[in-house]
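Lettered A, B, C, D, E and F in written order, each chain numbered from 1.
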Amino acid sequence: MADLGLYVFAAALLFGIGVYGLIVARHLMRKLFAINIMGNAIFILMVTAARPLDGAPDPVPQALVLTGIVIAVSATAFALALMVRLHRETGQVSLSADNESGGDDG
Amino acid sequence: MVTKNAHQLGTWPTAKSLAWCGQVFVALTLVWIALNGFEGLYAGVPAAFAAAALGTLYARGQPYPWHPLRWLVFAGFFLLESVKGGTDVAWRALHPALKIEPEFQPYDIELPPGLPTTLLTSLVSLLPGTLSVRLFEHEHVLNVHALTPSAIDSVRRLERMLGWVFGAPRPNP
Amino acid sequence: MTAEALSLIVFLPLLAACVIVAAPGLSALSVRLGLIPLPLLLLAPTLEVLDQGTYRMALAGHNSPLGIEWALDPLSLLMLWLNTGITILVSLHASYGFPPASEAGRRFWPLWLILFASMNALVLSADLFNLYVTLELVTLAAIGLITVEGKPLALRAGMRYLLLALLASLLYLLGVGLLYGQTGTLDLYLIAERIEISWLPVTALSLMIVGLLIKSAIFPLHAWLPAAHGNAPGPVSAILSAVVVKVSVYMIWRLWFWTAADWDLEAVALLLGLLGGAAILYGSLAALVQVRLKMIIAYSTVAQLGYLLLVFPLAGNLAFKAAVYQMLSHGLAKAAMFLAAANILHAIGTDRLRRLAGIDQRMPLDVFALALAGVSIMGLPPSGGFLAKWLFLEAAWEQQAWGWLVLVAFGGLLAAAYLFRVLAVVCLHPRRRLGQRSRRRSPTPASWAALLLAIGAILAGFFSAPVLDLITAGLPPGLGSR
Amino acid sequence: MSVEEGIALLFLLAGCAFYLAGTIGLLRFPDVFCRLHALTKADNVGLGLVCVGLALLSGQARVASMLLLIWLVGLLAATVSAHLIARHAYERDAPPEHEGPS
Amino acid sequence: MMDVALPAVAVFLLLNLVAGMLRVYRGPTLADRMLAALLFSTTTVAILLLMAEWMAMPALRHVALLFVMLASILSLAFVGLPRDADEEDT
Amino acid sequence: MMALLLDGLIVLALVSLAVQAISGRSLFRGIIHFVVFGLTMALAWARIGAPDLAMAEAAIGAGLTGALMMVAYRRLVAQGDNHSPRAPAQKSRLAIPIAVGSGLLVGVIGLGALLADNPPGEAGLIVLETLPEYGLGNAITGVLLLFRGLDTLLEIAVLLTALLAARALAGTGDSSATARTQHPETPLVGALLAVVIPLTILVAVHLLRAGTHETGGAFQAGAVLAAAGVLLVLSGRVSRTDTAGPLVRLGILAGLSAFILIGLMPLLYGEALLTLPGMWSIYLIETAMMVSIAAALILLFADAGGLKRDRRG
């Protein structure tokens, strides 16, 4: 097993990068990258936060992370479908230009 | 996902597809043994069968002719050629003068279309100095990207070898 | 009996959703089968709780350090009733907008049933990670419902909601991972026993609470809510405002009053209370300037959610009762308002305020429902909203917390202002004839659904005693003494 | 270090050399077609040599067959990918309706 | 001996990979960027196999098999791109 | 020493890939970087000692994510997206401080948790103790199915929900603007598929079976199977119209409904909800879940890409 401290460090950097991307990026796909990167950072932390058993990471957080990965994939796929549809309807792939309360039909 | 590929299903089941299915089944059983050893065969054989059947339904290939000895010789030839190919390109990349004269060359395929041509097209990219780019004219002309003008010879050698494996080559017009 | 009933409460709607997807021909039947038995199924757990207090159930036969447990106490029972009652009445409305046998209905109902089931599962769960999974399920189903009609505004709102919700879940998940590392369990009651206060668990808890605050759209993290609730299809707006945002507040309460029961976090409590206060003021003021009815109602939700946070600084018996009561009565009233607004929108094709003049003559039932629900939102007697706010005032008075007292009173005034603005336009506007150009009439049962919910919100003021007794029976451990 | 280990190490090192050559080719060669040459051929010989080295090291027939399988599938994937990318690049340069090599 | 040699080889391959990633930055065409992805999958397979031996984790060989089996998906998805799509950064 | 160097390089690669994925000029480059990031995560999981996660990440990262992003991208392009992929980043003065702050926070928390003198996780110990009683070798499968089955059940429900929501999106409105996709019409693709498709199916079954005693499991197997389906969709052998049949619908629902029905069974004879009655039920649920996961992922892919067979040839 590797030196986990290094990976905690990586997780911190990745989280920061993800936050930055989420704020700065306009394109929705990039925002999704950012969220997924943050997710990976948190998955790493979940595994490293529990003490290893028998020289391998605790199986419980590993199982939780596996569930988390499935959920992340589902959400990402749905978000992509939503993005494509949004683009088809409005021609936009970002959320910046808007007047959301404007429309007539709610 | 239920029905697809009318052009495939229309001719189903033919002797060819059954032969393909059988070959895949045997190969997959061997793969299973490689993965699991012999203990899991009660699951592996049905799995191999299902995989072969589904593969035949959705992504059928053409059965390979049964010439174990010739294939073995071919494997040896190919291994040698691909190592040569790797060495050749490595040498050219490392050479300070970067000895390449790249050009596109059309290559007239003499092999029958179908599996032999497909094999040729895919293996060309591993031979010394050649890269298959595109098939033209109903798979009779292969556009080859060659690092040196002479590299096209290796394609000829491969074609002769494949012709031998598949029986007689198509006679020249 | 209780175990069977609880299992079915979660799994019956899920199975019904599966049947609709598998066999669209059976959708009308399975919608009924997935929803109508639910109140009956709730009877056994209700009796159990009235009898025993709390009911715990270990799933798969593995109890808490490792396995997932369901815990049914008075608070979760009330949430189950709230969810079931509102969902069924709103479903009555939705079955006209999205007939189960239609193409739109086949898209709508599976998500609707999954949303319903997942909120039941969430309310029951006593496991931090299981709560995460159910919360994701709630969120995805809710966003799927927002965007189900594919209208551009709804798509945009759904996208924003989705991004923020994903961020929120990540924060929550990080907290869960840390707490597991500290305690070796995920059971939120067991964690309370095992953990001592130190910076790490406090940070973990804060992360989780911040995530949940985003999901429940508490000011200043509310940015996604008005657009999402204001542009979703009518029944979806109703359920979103009435229940979906509440379940994450419910989770905050659980974490705060159960998991962190023994921690002394007065500063954080004050901060949360201030956020609540800001939400009340901001939401109400924003509601005052909106031009669309649904947006007014959506901002009103932002404001009303603020009250639910006042329970933290006013920590105590009365305040907790008040907050739970606010949750229930606001749920009923807000669902009624959104349904009435949906009917109006359906009838005249817009919900712009200036086009609504005179609509009361055309659609008396809906306007009446709107007004009745408004009474509860404003906190006028004898409604449920009045009782909730009265309890808040009493709690503030008792603790001599004059600031909160003024805030609650002022919040009621503001609510009255934005709601009277609506009613004034509808009933008293000089150009009354404008609203007469109604295109379609809503089917009467759709209006009745709104009216029934509004009446429920009023009746909550009359028949409060059993509910308050129930809340008292289920006061969190830290509060019972105070 | 036993003899097998020494031989295995030699194979591994040779594999590394091929990988290195592939990367240098990738960086030095003038256009995408030449780079594909480098990548496909050199990296696959490299992977093959690494597989041989590791098979020797483990000394188990099952591991060796697994490695052989990986190498073969890798070869197939690499040639097909190379062909697809080359064709894509070729058709981008020449108009798509252009039939027949230039 | 092997405990050092195997990771050393892996480190070398990884460095090699980092150098190869330069191709993604330089481009100039989309196809060039794809090359780097290809390089990545062949190299990662080798690294995984080395790790499997070194860390005594046979499961990693299965991971490597997945890598090579699925590597072609990206290429297939890539060639489906409309040809006028790639002008953005040539 | 070498190990440290290796880890350091992996971390460095992760970080630089992440930076490139979110910042670079072109979106296409971002996609490549993101895919490669996912593959590097697989290496990282391997180093952390979690081969199951490495496998999941490989199956998802190598196969699905990249293809998913790529087809979504190509759909945007086909829908006439000329300007927005290069939309400049938002200028925000707060972005860097917030990012650095949150990164620091997470780093401090992570290190604190790593260095804290916690006892070993009790839940994990219970898993390792009781697992042999059930005849299972893989602790993670044990947690997912035996001990915390509800999580897994609801996770399948999440996948189903995402699919239903995405289908609803793809199904409404006009679909005239779906991408004109070009399917590579070379015999080589046929040859590739002829080898890879059967092999993927076999490997999926192998992973499914292996899941009970070593690395593997329903999700990994399902993801691999989904990759095979994605290959078929990408090569035009399966198109979106084929994915609406009743068989496919049953496949999507198999996992959730099998899990629910088997989970409810114990109530009939007085045991706890979701107690699995024996190994057969584990195998059954795992198989059904694999089928569901695969079907759902393939359909999600087809919807995100809005694939249609190109009829030009």
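Quick note on the criterion: a contact is a pair of C-beta atoms (placed from the backbone, for glycine too) under 8 Å apart; a residue touches a chain by one contact, two chains touch by 3 or more.
Everything quoted here is computed from the prediction, not taken from an experiment.
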Requested in this report: Please give the intersection of the contact partners of subunit A with those of subunit C.
Outcome: F
Requested in this report: Return the chains common to the contact lists of subunit B and subunit C.
Outcome: F
Query raised in the report: Count of steps on the shortest touching-chain route from subunit A to subunit F?
Result: 1
Report task. Specify the chain with the shortest distance from its C-alpha centroid to the centroid of every protein C-alpha atom present. Result -> F
Report summary line: With centres defined as the mean of Cα atoms, the chain at greatest distance from subunit D is chain C
**Report entry** Between B-F and E-F, the pair with more C-beta contacts
**Finding:** E-F
Query - Chain whose mean Cα position lies farthest from subunit B - result: C
Requested in this report: Starting from the mean Cα coordinates of subunit B and subunit E, work out the distance between those two points in Å.
Outcome: 23
Report task. Just give me the whole-number Å value for how far the CA centre of subunit D lies from that of subunit F. Result -> 27
Query raised in the report: If you average the CA atoms of subunit A and of subunit D, how many Å lie between those two points?
Result: 33
Requested in this report: Could you check subunit C for residues that touch two or more other chains and list them?
Outcome: 66, 129, 133, 136, 140, 143-144, 147, 150, 155, 174, 178, 180-182, 184, 186
Report summary line: By the touch definition above, subunit A meets two or more other chains at residues 45, 47, 49-51, 60-61, 64, 67, 71, 74-75, 78, 82-83, 85, 89
Query raised in the report: On subunit B, where are the residues touching two or more other chains?
Result: 31, 35, 121-122, 134
Requested in this report: Provide the full list of chain pairs in touch.
Outcome: A-C, A-F, B-D, B-F, C-F, D-E, D-F, E-F
Query raised in the report: Considering the complex alone, what residue numbers of subunit A touch subunit F?
Result: 1-21, 23-27, 29-30, 33-34, 36-37, 40-41, 43-45, 47-67, 69-71, 73-78, 80-85, 87-89, 91-94, 96
Report task. Mind listing the subunit D positions that touch subunit B in their complex? Result -> 17-18, 21-22, 24-25, 28-31, 33-34, 36-38, 40-42, 44-46, 48, 62, 65-66, 69, 75-76, 78-80, 82-83, 86-87, 90-91, 99-102
Report summary line: The answer for subunit E against subunit F in the complex is residues 4, 7-8, 10-11, 14-15, 17-18, 21, 24, 30, 33-34, 36-37, 40-41, 44, 47-48, 51, 55, 57, 59-60, 62-63, 65-67, 69-74, 76-82, 84-86, 88-89
Query - Residue numbers on subunit A that touch subunit C, as the complex places them - result: 22, 28, 31, 35, 38-39, 42, 45-47, 49-51, 60-61, 64, 67-68, 71, 74-75, 78-79, 82-83, 85-86, 89-90, 95, 98, 100-106
Requested in this report: Would you mind writing out the residues of subunit E in touch with subunit D in their complex?
Outcome: 1-2, 5-6, 9, 12-13, 16-17, 19-20, 22-23, 29, 31-32, 34-36, 38-39, 41-43, 45-46, 49-50, 52-53, 58, 61, 64-65, 68-69, 71-72, 75-76, 78-79, 81, 83, 86
